[in-house]
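Pasting the structures in now, so scroll down.
The following pair of complexes shares a single chain, chain A, combined with chain B in the former and chain C in the latter.
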Partner chain A sequence: MSDVVMQLVVNSITAGALYAIIAIGFTLSYGVGKFFNLAHGVMTAIGAYAVFYLTKGLQIEAWLAVFIAIIFTGAVGWLLERYIYAPLRARKASTMVLLVASLGAFTALQGVLSILFSSQVQTLTQGSAVQQVVAFAGATITEIQIITIITAIATLLGFVVLLRYTLFGKSVRAVSDDEEVSKIVGINTTRVIGVVFFLAAATAGLAGILVGFDTAIEPTMGMALLLKGVIAAIVGGIGNIYGAVLGALLLGFVENFGIWKIAGEWKDAIAFALLIAFLLFRPHGILNKKS
Partner chain B sequence: MQELIYYFTHLAIIIGIYAILALGLNLVVGYTGLLSVMHAAFYGVGAYATALLMTQLGFNFFIATGLSVVIAIVLSFAIGLVLSRFDGDYYALGSLGFGVILYSVFLSWRGVTRGALGIPQIPKPELFGFEFSQITVFLLLVVVLAAGVYLCSRFVTRSSFGRVLMAIREDERAIQVFGYNTLYFKLTVFVIGAGIAAIAGALFASYITYINPSSFTAMESIYLLSIIILGGLASLRGSVLGAVFLVVLFEGLRHIGLSSDMAAHMREALYGVILVALMLYRPQGLVGKYKL
Partner chain C sequence: MSTIKTENITKQFEGVHALDGVSLEIPRGRVTGIVGPNGSGKTTLVNVLSGIVRQDAGVLHIGGKEVSILKPQQVNAHGITRTFQEVRLFEQMTVLDNILVVVTERAVAASLFRRRQERCDREARQALETVGLWEKRSSPAAALSYGQRKLLEIARVLAMREAEVYLFDEPFAGLFPAMVDVVVKVMQGLKQEGKSVVLIEHSMDLIRQLCDTVIVMDEGKLLAQGTPETVFAKPEVIAIYVGK
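Up next, the complex of A and B:
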């Protein structure tokens, strides 16, 4: 029995770590852009398929492929911001217009991936190599899951350092507070927002790559991951990166313990029930001070 | 020749079903300004309820459709109560959430919906011994129902009730000051939209004779949303136009030699591009009157 609980705890933490990587980027881009960038989800698929193409198509070493893929995904995120969101913001479009535009970008990019790679399920791992499994206090965890957890921690720490101790971080926080005033005091807000979108997309791409090495990839993988990231970000308190991580962990635990006694397909329903409960009773999330 | 007629009749039926869906959704999104991303879920509720009532309990199509509309209304009333607490983007996310939850129910409540296997052998409608088994006769039924929905929608939007809806869209606070209970109006229009979607679901189930959860995903809701944004928000003609465009585009892509799979991907990509372009250059859609 305790073994089951232990395994559930391990599963919850790995799921939470993955959601955290996605939620951090989502919450940061919300902070500076002030709209729900739903195209964030498809970045996971773009990152994963970039690695797939580079390793299986061009036979590039895995580590280099991952690196290039992350940069590439970041660039796609930057392009969306530069040529779609920034012009819309300049025109004072409502957040709903931005949301629908990002939904359009999501659909378009997902469609392009399906055209290029077909909707078949693919794997990133070479051949049929069985994953290394590590036993840990009565539970098992795969190597890639350990890497996911480490990546999540590194992503969080990286962003904390960036936001707290660098000049760039200061301007990100300034733009999140008030874009107009930031502009007045001489911050190049377009550049700052662009870089944030680059970083957000790059980390989402990384999350997709991790999923690809852990299980499998398909062009439509972005939707489910996006929704989990969005739920984590809102539950934790949108705009707050610690909140995003807390929300992700909470979501991981609720989801995995929720399906303890019932079938696994209910996971998504449980996740959304959590979101709706939070929207109703604590709409600003766990950590947000603003009301 | 026979085949050609069959083919065009088939297309007309599909367009009719999508037009019904778009009309209902436009009342909610276009006229009232509530960005609902769960329309496909109510479409699914109508399809499943009708299919189950007909195959399991042997109900007549028209009675089953009526009951499935009632089921959709009750369900949407409960969901609408929760959703009415949100606005703007949060409304969109909350409704997306309910859409995913209902999809999970279709997929996972195996004892009733048979999960991914779906429900086969759904009978065709029958009225006083007359069967709507011929495709042209079925088209007639779809056209009559679509016209009915169109006229009802027109009545709703041109009545004083419709004017309050549009006022809510423009400035909810202001219309509240005038003493209107906006919750009542938002709930009512949401329920009407869901009921209309259930009619489309019933027609779809009976026409295709087989349903499974894959027709009622979140992605389908997004498609429906793009139909009305493309055609035009707060425009009934726009809804119909959007439905025609969706089906014609897909068939056009198939006719230039793409496989049905590839045509679907191509349509997905094109729809995304169109949505982005509309938001950038024409946020009210082709013939719409309201910008998001």
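Up next, the complex of A and C:
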């Protein structure tokens, strides 16, 4: 393989890994909540700005800041579910109402970030620190990109183990399957959904932090990342975490190889072309059997 | 002594009186049959008693407490469990997991760390063996045959040991004779344990065999209640079954 192709493969996988982290949480919260939680996107910015504040404002060490930021972002996700979505569901709100509510939460939280931190682009890395670059089979990859790939694998494995082998995971799958029956058999569905929203937001926050260390952060960073996560989740088959990962990788490859011979600005258009192709020809995604 | 009492329960669906002022008592520790023509409101009654459908008017008394609105998430705490006429399983999960998810303590923190305790495994196994599905424990629920699906749903309510009231909506419908025998034994076993059982069933033979009392419904109204012999001897009951 030529070096160009090799580099494109590396870029595709790193992009796919990032999208996967976002898509897994999105698809899981869709599974239990049965609506598109658009506020998932802003969690990336919340995670990134939490690290920004903790490291640059409070001078906390990076690893600890990342840890606190992940928990904090998860808590924000949990609060949205507990105080906005759960009461709406209790009032039998339609999925459309929930979607609009989540868009409202997205916009409001993004606004809060702009007020607190200004709309300026910031970085999480220390001043002039240059990123470590590793040469690999003719391509180059940064340290943070390697960490992103490892994080995506760990996130997937973590959720697979959680869902398959723990009782909590069984409850999550039961709630995804039939929330009403879950309630009747005594599963505390409110708590199960709350924990899923916590985990989803926490992982989205982690994705935002990785972006922050890789490139830069701004309060509006959530929308683009959300759209990639949503496209990956739909293309893979909504509600299915393996599907989310497959969709994310496919999106990463299609985007990066799509701009091989054309300008990089086409990336988003290519992503949407992929989405529309799936919506037209395989609306239930790669892995789901029926829509 | 009654375990559940309803007072003037009314429910309409787009002008259809599914339940029309139903007042009845379900005796404790007995098997109560519910019979009536199609569309007479039997399932709707069970839906109200299990929080699936909210009545337009009327109240419930469960274990002596007045309950005006029964929410699905409170049903388990009231000691009520049920099966569905159209079986509702956790389709993506294995047969065993369908049972394990209900036998285990549902506390999230505990369930995250404490994996299948022995007791839960034992209880799940017992419930599956009772209905003859232990061999199928690793299949996804979605892969079961129609009859096996009904049996799995029955195993699920059996696994809910703490329940006092068991509502079965046509558990025998579409079962092979051998499976019917299994379910008959389940009902008899529950009665022996002193549980209260409500059984919606069309077969008069099964009702006679299993039930201590029968409730007859017609067009959303309670037509008669009493022992199978007295109820099935009533002219108004015979009238709605003429030609059946």
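We take it that the second predicted complex is superposed on the first by the 288 of 291 C-alpha atoms of A that agree within 3 Å, B and C clash if a C-alpha of one lies under 4 Å from a C-alpha of the other, contacts with A are read in each partner's own complex, and residues count from 1 in each chain.
Methods note: contacts are C-beta pairs under 8 Å (C-beta built on N, C-alpha and C of every residue); 3 or more make two chains touch, one makes a residue touch a chain.
Fair warning: this is a prediction, and the values are worked out from it, not measured in the lab.
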(request) Mind working out whether A:Gly111 is in touch with chain B, chain C, both or neither, as first, second, both or neither? (result) first
(request) Would you sort A:Ala15 into first (chain B), second (chain C), both or neither based on which partner it touches? (result) neither
(request) Tell me which partner A:Ala263 touches in the superposition: chain B (first), chain C (second), both or neither. (result) first
(request) Using the superposition on chain A described above, determine whether A:Glu180 touches chain B (first), chain C (second), both, or neither. (result) second
(message) Just to be sure I read the superposition right, which of the two partners does A:Ala69 touch: chain B = first, chain C = second, or both, or neither?
(response) neither
(request) Considering only the touch criterion stated at the top, classify A:Leu249 as touching first (chain B), second (chain C), both, or neither. (result) neither
(request) Quick one: classify A:Thr189 as touching chain B (first), chain C (second), both or neither. (result) second
(request) Go through the superposed model and pick first if A:Val211 touches only chain B, second if only chain C, both, or neither. (result) neither
(message) Based on the A-chain superposition described above, do chain B and chain C contact any of the same residues on chain A, and if so which?
(response) none
(request) Name, in rising order, each residue of chain B that touches chain A in their complex. (result) 35, 82, 85-86, 88-90, 92-94, 96-98, 100-101, 103-105, 107-108, 218-219, 222, 225-226, 229, 261-262, 265-276, 278-280, 283, 291-292
(request) Provide the residue numbers of chain A that touch chain B in the complex, in ascending order. (result) 35-36, 84, 87-88, 93-101, 103-112, 114-115, 118-119, 220, 223, 227, 230, 234, 263, 265-266, 268-269, 272-273, 275-276, 279-280, 283
(request) Using the touch rule from the top, collect the residues of chain A that touch chain C in their complex. (result) 162, 165-168, 170-171, 173-174, 176-178, 180-192, 195
(message) Which residues of chain C touch chain A once you look at their complex with the stated criterion?
(response) 50-52, 71-73, 75-77, 81-82, 84, 88-93, 97, 100-102, 104-108, 111-112, 114-116, 156, 160
